[in-house]
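Labels for the chains are A, B, C and D, by order of writing; each one numbers its residues from 1.
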Amino acid sequence: MYVSVQNEVFDFSKEIEQFSKKLNNVGALVTFTGIVRGKKSETLDFMFIEHYPGMTENQITSMINNAVKRWNINDALVIHRYGKLEPGEPIMMVATAAEHRREAFEAAEYLMDYLKSRAPFWKKEVINGKEKWVDATVDDELALDRWNKF
Amino acid sequence: MYVSVQNEVFDFSKEIEQFSKKLNNVGALVTFTGIVRGKKSETLDFMFIEHYPGMTENQITSMINNAVKRWNINDALVIHRYGKLEPGEPIMMVATAAEHRREAFEAAEYLMDYLKSRAPFWKKEVINGKEKWVDATVDDELALDRWNKF
Amino acid sequence: MVDLIYFSWIREKIGKPSESIETNATTVAELLEELMKKDIRYSEVFADQDLFRVAINQELTNFDASILNAKEVAFFPPMTGG
Amino acid sequence: MVDLIYFSWIREKIGKPSESIETNATTVAELLEELMKKDIRYSEVFADQDLFRVAINQELTNFDASILNAKEVAFFPPMTGG
């Protein structure tokens, strides 16, 4: 398991390479990368992410432990940034490795849905010099229901 | 769109890097990589994949076109190998890029499910010197039902 | 003594990221009542309990939860990670 | 003249990857009947239609399909890609 909550920009293809090197007897590898949308010239000046140090790492670790219990996954990675992010930069990534594709996909989607609404991060967008906190969406909250229907 | 049906081994982290460089205003990037399971020393000697040249490329291209029509995806990539594959080597990969995570995930799973059962590839495993064609599974066929329920 | 920690627009409206207070409250709800009586900034921020969440000692919980063992009570809007 | 193409265990059992034949058959089903009369290898391979699939001119189709415009008829087991 690899969890990193960091300010620094990361190279997701290098992270995937490193993650995959440690894998053994894995048949399926799924990655998700979230990227700051918007070209700088057009709309978004930058994004700022606030987080709750300590709780963030604990929440992510317990999300991964839940995913490992629920699906037969061999390994998982979560990287999530905080601080100032420029358009086009990666915000976060998730990687899951399993024997079979269904487990790897489901575990990755589960981690994404929980990171969206249960990891203590708050996004602020700065658009044409105006700051605005991003609202949580009903859809993101509803996405969690999918994982409680068992 | 990038489609490659090839014998040569590929480096999926490099492919992801190249794919992502061409993207613009994308918020979500999903990748799936299929890897030959089994350590050489233990069970699988190697895998051999046969395919139907021409039809393979056409089928994959039309799968991607269907995915683009159905989900709001900005770009997609499919690489699939044929010929002799060693344990631990990548078999194939799919990448999808979209504004939002749900579209990117669904399009990637759709492409995987169709590649499994509708792209003209046939896998043969060689285990302790004995050749065996891999049987299609009922689960893989049933996985397609999910995409016909609309 | 308990540490109160604020995030996002709650931090901005209250005007500080954290504070240490003495309280006789035994639950989060009682603590919120106390705070809201103290200053209009708190009563504005905490008026609508649908708009924010609470964590005690870095664990998400609800407004009925006891704060008797709380070292750290955090208030923040719904998370927007990912 | 139509090209018949075989894959996987069908290719192995028939003993060749492809062949060009003359046929009076108008559908895949009629073509299969013709082949099965010709040689025991074909009748063994094509006895159970649940075990294989057909593509005409590189498009998946079914056994009722016409082969009147077929340049290429391919027989193969269910695919196992991915």
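Please note the rule applied: a contact is a pair of C-beta atoms (placed from the backbone, for glycine too) under 8 Å apart; a residue touches a chain by one contact, two chains touch by 3 or more.
Owing to the predicted nature of the structure, the values given are computational and were not obtained by experimental measurement.
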Margin query: Treat touching chains as neighbours: how many steps, at the fewest, connect subunit A to subunit C?
Written below: 1
Next item on the list: Quick one: point me to the chain whose Cα centre is farthest from that of subunit A.
Entry: D
Margin query: Using mean CA coordinates as chain centres, what's the gap between subunit A and subunit B in Å?
Written below: 23
Margin query: Taking the mean of the C-alpha atoms as each chain's centre, how many Å separate subunit B from subunit C?
Written below: 48
Note to self: Distance between subunit B and subunit D based on Cα centroids, please, to the nearest Å.
What the structure shows: 26
Notebook entry, point to check: Of all residues in subunit B, which are in touch with two or more distinct other chains?
Noted result: 34, 101, 112
Note to self: If I count partner chains per residue in subunit C, which residues reach a count of at least 2?
What the structure shows: 82
Checklist line | Pairwise chain contacts, counting only pairs that touch as defined | finding: A-B, A-C, B-D
Notebook entry, point to check: Once bound in the complex, which stretches of subunit C touch subunit A?
Noted result: 5, 7-9, 11, 55, 58-60, 74, 76-82
Check: Can you list the residues on subunit B that touch subunit D in the complex?
Finding: 34, 50, 52, 54-55, 58, 80, 91-92, 112, 115-124, 133-136, 140-141
Check: For the complex, which residues does subunit B have touching subunit A?
Finding: 11-14, 16-17, 20, 23-39, 99, 101-102, 104-105, 108-109, 112, 143
